[in-house]
Amino acid sequence: MSFTVRTQVRFAQVDAAGIVFYPRFFEMLNGAVEDWFDQELGCGFSALHKVRGLGVPTVHLETDFIAACELGEWVDISLQVERLGDKSVTLSFAFSVAGERRLGGKVVLVCMQLGVKRALAWPDDLRIGMQNALANAA
Amino acid sequence: MSFTVRTQVRFAQVDAAGIVFYPRFFEMLNGAVEDWFDQELGCGFSALHKVRGLGVPTVHLETDFIAACELGEWVDISLQVERLGDKSVTLSFAFSVAGERRLGGKVVLVCMQLGVKRALAWPDDLRIGMQNALANAA
Amino acid sequence: MSFTVRTQVRFAQVDAAGIVFYPRFFEMLNGAVEDWFDQELGCGFSALHKVRGLGVPTVHLETDFIAACELGEWVDISLQVERLGDKSVTLSFAFSVAGERRLGGKVVLVCMQLGVKRALAWPDDLRIGMQNALANAA
Amino acid sequence: MSFTVRTQVRFAQVDAAGIVFYPRFFEMLNGAVEDWFDQELGCGFSALHKVRGLGVPTVHLETDFIAACELGEWVDISLQVERLGDKSVTLSFAFSVAGERRLGGKVVLVCMQLGVKRALAWPDDLRIGMQNALANAA
(Lines give C-alpha, C1' and ligand atoms only; values in the text may rest on other atoms or scores of the structure.)
Protein backbone atom coordinates (compact mmCIF):
# COMPACT_ATOMS: atom_id res chain seq x y z
CA MET A 1 0.00 0.00 0.00
CA SER A 2 2.23 2.78 -1.23
CA PHE A 3 1.49 6.27 -2.53
CA THR A 4 1.88 6.58 -6.30
CA VAL A 5 1.88 9.49 -8.74
CA ARG A 6 2.26 9.41 -12.51
CA THR A 7 4.30 11.89 -14.52
CA GLN A 8 5.50 12.14 -18.11
CA VAL A 9 9.14 12.55 -19.14
CA ARG A 10 9.54 16.03 -20.60
CA PHE A 11 11.98 17.48 -23.10
CA ALA A 12 13.47 19.61 -20.28
CA GLN A 13 14.48 16.43 -18.45
CA VAL A 14 16.35 14.48 -21.11
CA ASP A 15 20.01 14.70 -22.00
CA ALA A 16 22.00 14.47 -25.22
CA ALA A 17 21.33 10.71 -25.30
CA GLY A 18 17.55 11.33 -25.18
CA ILE A 19 17.18 9.80 -21.70
CA VAL A 20 16.43 11.44 -18.36
CA PHE A 21 19.49 13.24 -16.93
CA TYR A 22 19.70 11.68 -13.47
CA PRO A 23 19.43 14.86 -11.33
CA ARG A 24 16.01 15.38 -12.97
CA PHE A 25 14.82 12.12 -11.34
CA PHE A 26 15.30 13.80 -7.97
CA GLU A 27 13.26 16.81 -9.06
CA MET A 28 10.53 14.27 -9.97
CA LEU A 29 11.02 12.50 -6.64
CA ASN A 30 10.70 15.79 -4.78
CA GLY A 31 7.48 16.45 -6.70
CA ALA A 32 6.12 13.07 -5.59
CA VAL A 33 7.02 13.90 -1.98
CA GLU A 34 5.18 17.22 -2.36
CA ASP A 35 2.10 15.36 -3.63
CA TRP A 36 2.33 12.89 -0.75
CA PHE A 37 2.43 15.69 1.83
CA ASP A 38 -0.47 17.43 0.11
CA GLN A 39 -2.70 14.46 -0.67
CA GLU A 40 -1.91 11.98 2.12
CA LEU A 41 -0.63 14.04 5.03
CA GLY A 42 -2.98 16.95 4.42
CA CYS A 43 -0.32 19.66 4.36
CA GLY A 44 1.11 20.85 1.04
CA PHE A 45 4.61 22.32 0.81
CA SER A 46 3.26 25.84 0.49
CA ALA A 47 1.42 25.67 3.83
CA LEU A 48 4.29 23.70 5.35
CA HIS A 49 6.86 26.36 4.43
CA LYS A 50 4.95 29.59 4.51
CA VAL A 51 2.35 29.04 7.21
CA ARG A 52 4.09 26.60 9.53
CA GLY A 53 7.72 27.61 8.91
CA LEU A 54 8.83 24.00 8.41
CA GLY A 55 11.04 22.40 5.79
CA VAL A 56 11.94 18.78 5.08
CA PRO A 57 15.54 18.74 3.85
CA THR A 58 17.03 15.51 2.54
CA VAL A 59 19.85 14.15 4.71
CA HIS A 60 20.51 10.82 2.99
CA LEU A 61 19.83 9.44 -0.46
CA GLU A 62 20.69 6.19 -2.18
CA THR A 63 19.57 5.11 -5.61
CA ASP A 64 20.07 2.26 -8.03
CA PHE A 65 19.45 3.20 -11.65
CA ILE A 66 18.32 0.04 -13.41
CA ALA A 67 17.17 1.21 -16.82
CA ALA A 68 16.83 4.57 -18.55
CA CYS A 69 13.61 6.58 -18.94
CA GLU A 70 12.97 8.06 -22.36
CA LEU A 71 11.27 11.24 -23.58
CA GLY A 72 7.48 10.92 -23.48
CA GLU A 73 7.35 7.85 -21.24
CA TRP A 74 4.81 7.85 -18.40
CA VAL A 75 6.54 7.11 -15.13
CA ASP A 76 4.85 5.83 -11.96
CA ILE A 77 6.64 7.04 -8.86
CA SER A 78 5.73 5.18 -5.69
CA LEU A 79 6.67 6.10 -2.14
CA GLN A 80 6.58 3.91 0.94
CA VAL A 81 7.33 4.82 4.56
CA GLU A 82 10.13 2.51 5.70
CA ARG A 83 10.96 3.94 9.09
CA LEU A 84 9.58 6.80 11.15
CA GLY A 85 11.82 8.57 13.63
CA ASP A 86 11.02 11.41 16.03
CA LYS A 87 12.49 14.01 13.69
CA SER A 88 13.01 12.05 10.46
CA VAL A 89 11.34 9.70 8.04
CA THR A 90 12.84 7.13 5.66
CA LEU A 91 10.98 6.63 2.39
CA SER A 92 11.69 3.97 -0.18
CA PHE A 93 10.87 4.93 -3.74
CA ALA A 94 10.52 3.21 -7.08
CA PHE A 95 10.14 4.62 -10.59
CA SER A 96 8.55 2.28 -13.10
CA VAL A 97 7.16 2.43 -16.62
CA ALA A 98 4.32 0.07 -17.49
CA GLY A 99 5.25 -2.04 -14.46
CA GLU A 100 8.93 -2.25 -15.35
CA ARG A 101 11.20 -0.89 -12.62
CA ARG A 102 13.62 1.76 -13.87
CA LEU A 103 15.14 3.01 -10.60
CA GLY A 104 14.67 2.63 -6.89
CA GLY A 105 16.15 3.77 -3.63
CA LYS A 106 15.75 5.34 -0.24
CA VAL A 107 15.63 8.92 0.93
CA VAL A 108 15.73 10.24 4.50
CA LEU A 109 13.98 13.52 5.24
CA VAL A 110 14.28 15.55 8.43
CA CYS A 111 11.75 17.92 9.96
CA MET A 112 13.40 21.33 10.20
CA GLN A 113 12.36 24.65 11.67
CA LEU A 114 13.19 27.04 8.82
CA GLY A 115 14.21 30.15 10.74
CA VAL A 116 16.73 28.58 13.09
CA LYS A 117 17.60 25.64 10.78
CA ARG A 118 17.22 23.16 13.64
CA ALA A 119 15.72 19.66 13.48
CA LEU A 120 12.58 19.21 15.54
CA ALA A 121 10.01 16.49 16.22
CA TRP A 122 7.29 15.97 13.61
CA PRO A 123 4.10 17.88 14.51
CA ASP A 124 1.29 15.52 15.59
CA ASP A 125 -0.73 15.66 12.36
CA LEU A 126 2.26 14.77 10.18
CA ARG A 127 3.49 12.08 12.59
CA ILE A 128 0.05 10.45 12.70
CA GLY A 129 -0.26 10.53 8.89
CA MET A 130 3.17 8.95 8.54
CA GLN A 131 2.36 6.31 11.19
CA ASN A 132 -0.76 5.38 9.24
CA ALA A 133 1.27 5.14 6.04
CA LEU A 134 3.79 2.93 7.85
CA ALA A 135 1.03 0.72 9.25
CA ASN A 136 -0.54 0.39 5.80
CA ALA A 137 2.82 -0.66 4.42
CA ALA A 138 3.08 -3.60 6.80
CA MET B 1 -10.14 29.27 -28.83
CA SER B 2 -6.69 28.57 -27.45
CA PHE B 3 -5.03 25.42 -26.14
CA THR B 4 -4.70 25.38 -22.35
CA VAL B 5 -2.91 23.13 -19.87
CA ARG B 6 -2.81 23.38 -16.09
CA THR B 7 0.26 22.79 -13.97
CA GLN B 8 1.20 23.33 -10.33
CA VAL B 9 4.19 25.36 -9.16
CA ARG B 10 6.69 22.96 -7.63
CA PHE B 11 9.38 23.41 -5.00
CA ALA B 12 12.00 22.79 -7.71
CA GLN B 13 10.78 25.90 -9.56
CA VAL B 14 10.84 28.55 -6.86
CA ASP B 15 13.72 30.75 -5.82
CA ALA B 16 14.94 32.17 -2.53
CA ALA B 17 11.99 34.59 -2.54
CA GLY B 18 9.54 31.66 -2.79
CA ILE B 19 8.40 32.64 -6.30
CA VAL B 20 9.02 30.96 -9.65
CA PHE B 21 12.56 31.60 -10.93
CA TYR B 22 11.86 32.98 -14.40
CA PRO B 23 13.81 30.42 -16.51
CA ARG B 24 11.48 27.77 -15.01
CA PHE B 25 8.52 29.50 -16.71
CA PHE B 26 10.10 28.59 -20.04
CA GLU B 27 10.46 24.94 -18.99
CA MET B 28 6.72 25.08 -18.22
CA LEU B 29 6.07 26.81 -21.57
CA ASN B 30 8.03 24.13 -23.38
CA GLY B 31 5.94 21.50 -21.57
CA ALA B 32 2.77 23.22 -22.79
CA VAL B 33 4.13 23.22 -26.36
CA GLU B 34 4.88 19.48 -26.00
CA ASP B 35 1.29 18.88 -24.88
CA TRP B 36 -0.04 20.95 -27.79
CA PHE B 37 1.96 18.93 -30.31
CA ASP B 38 0.82 15.71 -28.68
CA GLN B 39 -2.84 16.48 -28.04
CA GLU B 40 -3.72 18.93 -30.82
CA LEU B 41 -1.31 18.25 -33.67
CA GLY B 42 -1.23 14.50 -33.09
CA CYS B 43 2.55 14.18 -32.89
CA GLY B 44 4.29 14.15 -29.50
CA PHE B 45 7.88 15.30 -29.12
CA SER B 46 9.14 11.73 -28.80
CA ALA B 47 7.76 10.72 -32.20
CA LEU B 48 8.73 14.11 -33.64
CA HIS B 49 12.36 13.74 -32.57
CA LYS B 50 13.01 10.05 -32.68
CA VAL B 51 10.78 8.80 -35.50
CA ARG B 52 10.62 11.84 -37.79
CA GLY B 53 14.00 13.41 -36.99
CA LEU B 54 12.48 16.87 -36.51
CA GLY B 55 13.02 19.49 -33.82
CA VAL B 56 11.32 22.82 -33.15
CA PRO B 57 13.98 25.16 -31.78
CA THR B 58 12.96 28.57 -30.45
CA VAL B 59 14.29 31.47 -32.51
CA HIS B 60 12.56 34.39 -30.82
CA LEU B 61 11.03 34.96 -27.43
CA GLU B 62 9.48 37.95 -25.72
CA THR B 63 7.81 37.99 -22.35
CA ASP B 64 6.24 40.45 -19.95
CA PHE B 65 6.24 39.28 -16.35
CA ILE B 66 3.26 40.92 -14.68
CA ALA B 67 3.01 39.22 -11.30
CA ALA B 68 4.87 36.43 -9.54
CA CYS B 69 3.70 32.80 -9.25
CA GLU B 70 4.05 31.21 -5.84
CA LEU B 71 4.77 27.68 -4.63
CA GLY B 72 1.68 25.47 -4.90
CA GLU B 73 -0.32 27.75 -7.19
CA TRP B 74 -2.13 26.13 -10.12
CA VAL B 75 -1.18 27.86 -13.34
CA ASP B 76 -3.17 27.79 -16.59
CA ILE B 77 -0.89 28.08 -19.59
CA SER B 78 -2.68 28.95 -22.83
CA LEU B 79 -1.22 28.91 -26.33
CA GLN B 80 -2.59 30.57 -29.42
CA VAL B 81 -1.28 30.41 -33.00
CA GLU B 82 -0.60 34.01 -34.07
CA ARG B 83 1.09 33.50 -37.41
CA LEU B 84 1.97 30.46 -39.47
CA GLY B 85 4.94 30.61 -41.83
CA ASP B 86 6.27 27.98 -44.21
CA LYS B 87 8.98 26.93 -41.78
CA SER B 88 7.97 28.70 -38.57
CA VAL B 89 5.08 29.37 -36.24
CA THR B 90 4.45 32.26 -33.84
CA LEU B 91 2.58 31.38 -30.66
CA SER B 92 1.30 33.83 -28.10
CA PHE B 93 1.15 32.51 -24.57
CA ALA B 94 -0.36 33.55 -21.27
CA PHE B 95 0.11 32.17 -17.76
CA SER B 96 -2.71 32.88 -15.36
CA VAL B 97 -3.79 31.80 -11.89
CA ALA B 98 -7.52 31.74 -11.17
CA GLY B 99 -8.08 33.98 -14.18
CA GLU B 100 -5.44 36.54 -13.15
CA ARG B 101 -2.73 37.02 -15.77
CA ARG B 102 0.78 36.54 -14.39
CA LEU B 103 2.87 36.63 -17.58
CA GLY B 104 2.41 36.67 -21.31
CA GLY B 105 4.40 36.84 -24.50
CA LYS B 106 5.26 35.40 -27.87
CA VAL B 107 7.54 32.64 -28.98
CA VAL B 108 8.61 31.76 -32.53
CA LEU B 109 9.45 28.14 -33.30
CA VAL B 110 11.13 26.83 -36.43
CA CYS B 111 10.82 23.40 -38.02
CA MET B 112 14.30 21.89 -38.16
CA GLN B 113 15.72 18.71 -39.61
CA LEU B 114 17.78 17.40 -36.70
CA GLY B 115 20.63 15.70 -38.55
CA VAL B 116 21.63 18.59 -40.82
CA LYS B 117 20.30 21.36 -38.51
CA ARG B 118 18.52 23.05 -41.42
CA ALA B 119 15.10 24.71 -41.35
CA LEU B 120 12.50 23.05 -43.54
CA ALA B 121 8.80 23.46 -44.36
CA TRP B 122 6.31 22.03 -41.88
CA PRO B 123 5.16 18.53 -42.88
CA ASP B 124 1.54 18.52 -44.11
CA ASP B 125 -0.04 17.06 -40.96
CA LEU B 126 1.57 19.63 -38.68
CA ARG B 127 0.85 22.51 -41.06
CA ILE B 128 -2.81 21.53 -41.34
CA GLY B 129 -3.15 21.21 -37.56
CA MET B 130 -1.58 24.63 -37.09
CA GLN B 131 -3.81 26.16 -39.79
CA ASN B 132 -6.85 24.80 -37.97
CA ALA B 133 -5.59 26.26 -34.70
CA LEU B 134 -5.04 29.60 -36.45
CA ALA B 135 -8.54 29.51 -37.98
CA ASN B 136 -10.06 28.69 -34.58
CA ALA B 137 -8.25 31.66 -33.11
CA ALA B 138 -9.90 34.09 -35.53
CA MET C 1 32.63 48.85 -22.60
CA SER C 2 30.42 46.02 -21.45
CA PHE C 3 30.77 43.49 -18.65
CA THR C 4 31.67 40.01 -19.89
CA VAL C 5 31.90 36.59 -18.25
CA ARG C 6 32.89 33.28 -19.82
CA THR C 7 31.19 29.97 -19.09
CA GLN C 8 31.30 26.48 -20.60
CA VAL C 9 28.24 24.61 -21.88
CA ARG C 10 27.64 21.69 -19.52
CA PHE C 11 25.96 18.34 -20.04
CA ALA C 12 23.14 19.47 -17.71
CA GLN C 13 22.29 22.26 -20.15
CA VAL C 14 21.94 20.42 -23.45
CA ASP C 15 18.87 18.74 -24.87
CA ALA C 16 18.26 15.64 -26.93
CA ALA C 17 19.71 17.41 -29.97
CA GLY C 18 22.97 18.06 -28.06
CA ILE C 19 22.44 21.83 -28.02
CA VAL C 20 21.59 24.16 -25.13
CA PHE C 21 17.90 23.91 -24.12
CA TYR C 22 16.84 27.55 -24.30
CA PRO C 23 15.63 28.03 -20.69
CA ARG C 24 19.20 27.14 -19.62
CA PHE C 25 20.44 30.27 -21.44
CA PHE C 26 18.46 32.33 -18.94
CA GLU C 27 20.03 30.49 -16.02
CA MET C 28 23.39 31.44 -17.58
CA LEU C 29 22.16 35.03 -18.09
CA ASN C 30 21.09 35.21 -14.46
CA GLY C 31 24.54 33.96 -13.45
CA ALA C 32 26.14 36.76 -15.50
CA VAL C 33 23.87 39.31 -13.79
CA GLU C 34 24.95 37.87 -10.41
CA ASP C 35 28.60 38.30 -11.41
CA TRP C 36 27.92 41.87 -12.58
CA PHE C 37 26.31 42.80 -9.27
CA ASP C 38 29.17 41.19 -7.37
CA GLN C 39 32.15 42.34 -9.43
CA GLU C 40 31.00 45.69 -10.84
CA LEU C 41 28.35 47.00 -8.47
CA GLY C 42 30.06 45.69 -5.34
CA CYS C 43 27.05 43.83 -3.96
CA GLY C 44 26.65 40.10 -4.62
CA PHE C 45 23.21 38.46 -4.67
CA SER C 46 23.77 36.89 -1.25
CA ALA C 47 24.31 40.27 0.44
CA LEU C 48 21.60 41.82 -1.73
CA HIS C 49 19.00 39.27 -0.66
CA LYS C 50 19.99 38.31 2.84
CA VAL C 51 21.55 41.47 4.25
CA ARG C 52 19.67 44.18 2.36
CA GLY C 53 16.38 42.37 1.73
CA LEU C 54 16.34 43.31 -1.95
CA GLY C 55 15.59 41.28 -5.06
CA VAL C 56 15.82 42.12 -8.76
CA PRO C 57 13.00 40.26 -10.50
CA THR C 58 12.82 40.25 -14.29
CA VAL C 59 9.80 42.11 -15.67
CA HIS C 60 10.53 41.97 -19.40
CA LEU C 61 12.67 39.77 -21.59
CA GLU C 62 13.22 39.55 -25.33
CA THR C 63 15.68 37.33 -27.09
CA ASP C 64 16.71 36.40 -30.61
CA PHE C 65 18.31 33.00 -30.89
CA ILE C 66 20.67 33.15 -33.86
CA ALA C 67 22.65 29.93 -33.66
CA ALA C 68 22.81 27.00 -31.27
CA CYS C 69 25.44 26.47 -28.54
CA GLU C 70 26.89 22.98 -28.26
CA LEU C 71 28.15 20.87 -25.37
CA GLY C 72 31.64 21.94 -24.29
CA GLU C 73 31.67 25.30 -26.09
CA TRP C 74 32.99 28.32 -24.17
CA VAL C 75 30.43 31.11 -24.24
CA ASP C 76 31.14 34.80 -23.61
CA ILE C 77 28.15 36.53 -22.08
CA SER C 78 28.29 40.32 -22.23
CA LEU C 79 25.98 42.76 -20.47
CA GLN C 80 25.47 46.43 -21.22
CA VAL C 81 23.32 48.98 -19.39
CA GLU C 82 20.89 50.39 -21.97
CA ARG C 83 18.61 52.48 -19.78
CA LEU C 84 18.51 53.28 -16.10
CA GLY C 85 15.21 54.12 -14.45
CA ASP C 86 14.47 55.09 -10.86
CA LYS C 87 13.36 51.59 -9.98
CA SER C 88 14.47 49.55 -13.01
CA VAL C 89 17.35 48.88 -15.34
CA THR C 90 17.40 47.65 -18.93
CA LEU C 91 20.35 45.47 -19.89
CA SER C 92 21.19 44.29 -23.38
CA PHE C 93 22.98 40.97 -23.53
CA ALA C 94 24.84 38.93 -26.11
CA PHE C 95 26.11 35.36 -26.02
CA SER C 96 28.96 34.59 -28.40
CA VAL C 97 31.41 31.77 -29.03
CA ALA C 98 34.83 32.73 -30.39
CA GLY C 99 33.40 36.09 -31.45
CA GLU C 100 30.40 34.58 -33.24
CA ARG C 101 27.07 35.83 -31.88
CA ARG C 102 24.73 33.02 -30.87
CA LEU C 103 21.93 34.95 -29.17
CA GLY C 104 21.14 38.44 -27.99
CA GLY C 105 18.39 40.42 -26.37
CA LYS C 106 17.22 42.71 -23.63
CA VAL C 107 16.14 42.13 -20.07
CA VAL C 108 14.49 44.61 -17.68
CA LEU C 109 15.10 44.17 -13.95
CA VAL C 110 13.26 45.94 -11.16
CA CYS C 111 14.48 46.75 -7.67
CA MET C 112 12.13 45.06 -5.22
CA GLN C 113 11.83 45.06 -1.45
CA LEU C 114 11.55 41.34 -0.72
CA GLY C 115 9.25 41.40 2.31
CA VAL C 116 6.48 43.55 0.91
CA LYS C 117 7.16 42.69 -2.77
CA ARG C 118 7.04 46.36 -3.73
CA ALA C 119 9.25 48.13 -6.28
CA LEU C 120 11.49 50.81 -4.83
CA ALA C 121 14.19 53.20 -6.05
CA TRP C 122 17.70 51.79 -6.46
CA PRO C 123 19.86 52.42 -3.39
CA ASP C 124 22.55 55.04 -4.05
CA ASP C 125 25.50 52.65 -4.38
CA LEU C 126 23.74 50.48 -6.99
CA ARG C 127 22.39 53.51 -8.87
CA ILE C 128 25.85 55.10 -9.05
CA GLY C 129 27.42 51.85 -10.23
CA MET C 130 24.78 51.50 -12.93
CA GLN C 131 25.18 55.14 -13.98
CA ASN C 132 28.90 54.56 -14.39
CA ALA C 133 28.22 51.44 -16.46
CA LEU C 134 25.80 53.45 -18.60
CA ALA C 135 28.31 56.29 -19.04
CA ASN C 136 31.02 53.79 -20.03
CA ALA C 137 28.67 52.34 -22.62
CA ALA C 138 28.28 55.70 -24.36
CA MET D 1 45.47 13.00 -4.18
CA SER D 2 42.01 13.70 -5.50
CA PHE D 3 40.72 15.90 -8.32
CA THR D 4 39.09 19.12 -7.10
CA VAL D 5 37.10 21.86 -8.78
CA ARG D 6 35.64 25.01 -7.21
CA THR D 7 32.23 26.42 -8.05
CA GLN D 8 29.99 29.13 -6.60
CA VAL D 9 26.40 28.55 -5.47
CA ARG D 10 24.14 30.42 -7.88
CA PHE D 11 20.68 31.88 -7.49
CA ALA D 12 19.36 29.22 -9.91
CA GLN D 13 20.44 26.51 -7.46
CA VAL D 14 18.85 27.63 -4.22
CA ASP D 15 15.37 26.90 -2.95
CA ALA D 16 12.80 28.83 -0.96
CA ALA D 17 14.94 28.38 2.17
CA GLY D 18 17.91 30.03 0.41
CA ILE D 19 19.96 26.82 0.40
CA VAL D 20 20.93 24.54 -2.49
CA PHE D 21 18.01 22.35 -3.65
CA TYR D 22 19.56 18.89 -3.47
CA PRO D 23 19.10 17.80 -7.11
CA ARG D 24 21.27 20.80 -8.05
CA PHE D 25 24.17 19.21 -6.14
CA PHE D 26 24.10 16.39 -8.69
CA GLU D 27 24.22 18.85 -11.57
CA MET D 28 27.34 20.28 -9.86
CA LEU D 29 28.71 16.75 -9.35
CA ASN D 30 28.16 15.96 -13.01
CA GLY D 31 30.01 19.16 -13.89
CA ALA D 32 32.96 18.05 -11.75
CA VAL D 33 32.96 14.66 -13.51
CA GLU D 34 32.99 16.49 -16.88
CA ASP D 35 35.99 18.53 -15.72
CA TRP D 36 37.75 15.37 -14.52
CA PHE D 37 37.26 13.65 -17.88
CA ASP D 38 38.46 16.76 -19.69
CA GLN D 39 41.39 17.80 -17.50
CA GLU D 40 42.64 14.47 -16.08
CA LEU D 41 41.58 11.79 -18.54
CA GLY D 42 42.16 13.95 -21.60
CA CYS D 43 38.70 13.42 -23.14
CA GLY D 44 35.95 15.99 -22.55
CA PHE D 45 32.28 15.02 -22.67
CA SER D 46 31.82 16.61 -26.09
CA ALA D 47 34.50 14.42 -27.70
CA LEU D 48 33.35 11.44 -25.61
CA HIS D 49 29.75 11.71 -26.83
CA LYS D 50 30.03 13.13 -30.30
CA VAL D 51 33.31 11.76 -31.60
CA ARG D 52 33.59 8.45 -29.74
CA GLY D 53 29.88 7.68 -29.28
CA LEU D 54 30.33 6.88 -25.60
CA GLY D 55 28.31 7.90 -22.54
CA VAL D 56 28.89 7.37 -18.82
CA PRO D 57 25.45 6.91 -17.22
CA THR D 58 25.17 6.75 -13.45
CA VAL D 59 24.03 3.36 -12.16
CA HIS D 60 24.36 3.89 -8.40
CA LEU D 61 24.45 6.93 -6.16
CA GLU D 62 24.58 7.39 -2.41
CA THR D 63 24.93 10.67 -0.58
CA ASP D 64 24.97 11.98 2.98
CA PHE D 65 23.97 15.61 3.25
CA ILE D 66 25.74 16.98 6.33
CA ALA D 67 25.15 20.72 6.16
CA ALA D 68 23.47 23.10 3.73
CA CYS D 69 25.23 25.23 1.10
CA GLU D 70 24.07 28.83 0.82
CA LEU D 71 23.78 31.30 -2.04
CA GLY D 72 27.18 32.76 -2.96
CA GLU D 73 29.30 30.19 -1.12
CA TRP D 74 32.33 28.78 -2.93
CA VAL D 75 32.20 25.00 -2.93
CA ASP D 76 35.16 22.67 -3.47
CA ILE D 77 34.07 19.43 -5.11
CA SER D 78 36.63 16.65 -4.89
CA LEU D 79 36.54 13.31 -6.70
CA GLN D 80 38.50 10.19 -5.91
CA VAL D 81 38.60 6.88 -7.78
CA GLU D 82 37.56 4.20 -5.28
CA ARG D 83 37.29 1.16 -7.53
CA LEU D 84 37.89 0.52 -11.21
CA GLY D 85 35.98 -2.24 -12.96
CA ASP D 86 36.20 -3.40 -16.56
CA LYS D 87 33.12 -1.44 -17.54
CA SER D 88 32.52 0.77 -14.50
CA VAL D 89 34.19 3.13 -12.08
CA THR D 90 33.27 4.05 -8.50
CA LEU D 91 34.05 7.60 -7.46
CA SER D 92 33.78 9.00 -3.97
CA PHE D 93 32.98 12.68 -3.79
CA ALA D 94 32.96 15.41 -1.17
CA PHE D 95 31.60 18.95 -1.27
CA SER D 96 33.18 21.35 1.21
CA VAL D 97 33.19 25.06 1.90
CA ALA D 98 36.35 26.55 3.42
CA GLY D 99 37.41 23.06 4.47
CA GLU D 100 34.09 22.21 6.12
CA ARG D 101 32.43 19.14 4.65
CA ARG D 102 28.85 19.75 3.51
CA LEU D 103 28.04 16.49 1.72
CA GLY D 104 29.76 13.35 0.54
CA GLY D 105 29.02 10.09 -1.16
CA LYS D 106 29.74 7.61 -3.89
CA VAL D 107 28.67 7.39 -7.50
CA VAL D 108 29.13 4.49 -9.92
CA LEU D 109 29.44 5.26 -13.63
CA VAL D 110 29.31 2.76 -16.46
CA CYS D 111 30.92 2.98 -19.89
CA MET D 112 28.13 2.77 -22.46
CA GLN D 113 28.07 2.64 -26.23
CA LEU D 114 25.44 5.28 -27.04
CA GLY D 115 23.85 3.79 -30.15
CA VAL D 116 23.12 0.32 -28.83
CA LYS D 117 22.93 1.37 -25.14
CA ARG D 118 25.18 -1.49 -24.12
CA ALA D 119 27.90 -1.43 -21.46
CA LEU D 120 31.39 -2.00 -22.78
CA ALA D 121 34.94 -2.08 -21.42
CA TRP D 122 36.66 1.26 -20.88
CA PRO D 123 38.84 2.23 -23.87
CA ASP D 124 42.56 1.98 -23.06
CA ASP D 125 43.24 5.71 -22.64
CA LEU D 126 40.39 6.18 -20.15
CA ARG D 127 41.26 2.98 -18.25
CA ILE D 128 44.91 4.00 -17.92
CA GLY D 129 43.95 7.49 -16.72
CA MET D 130 41.60 6.00 -14.14
CA GLN D 131 44.24 3.47 -13.02
CA ASN D 132 46.68 6.33 -12.47
CA ALA D 133 44.05 8.22 -10.48
CA LEU D 134 43.43 5.09 -8.41
CA ALA D 135 47.16 4.58 -7.82
CA ASN D 136 47.56 8.22 -6.78
CA ALA D 137 44.73 7.76 -4.32
CA ALA D 138 46.56 4.95 -2.52
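Letters A, B, C and D mark the chains as written, and numbering starts fresh at 1 in each.
What we mean here is this: a residue touches a chain if its C-beta (ideal position, glycine included) is under 8 Å from a C-beta of that chain, and two chains touch if they have at least 3 such contacts.
In this text the structure is predicted, and so the values were computed from the model without any measurement.
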Between C-D and A-D, which chain pair is linked by more C-beta pairs in contact? A-D
Most distant chain from chain A by Cα centroid: C
Between chain C and chain D, tell me the centre distance in angstrom, where each centre is the average of that chain's C-alpha atoms. 28
Where the CA atoms of chain A average out and where those of chain D average out, how many Å apart are those spots? 24
Junction residues of chain A - those touching two or more other chains: 11-12, 16-18, 21, 23, 27, 30, 49, 71
Can you list the residues on chain A that touch chain D in the complex? 16-17, 19, 21-24, 26-27, 30, 49, 55, 57-65, 68, 105, 114, 117
Contact footprint of chain B on chain D as seen in their complex: 11-12, 14-18, 21, 23, 71
Applying the document's contact rule, which stretches of chain D touch chain C when the two form their complex? 10-12, 18, 27, 30-31, 34, 44-47, 49-50, 70-73
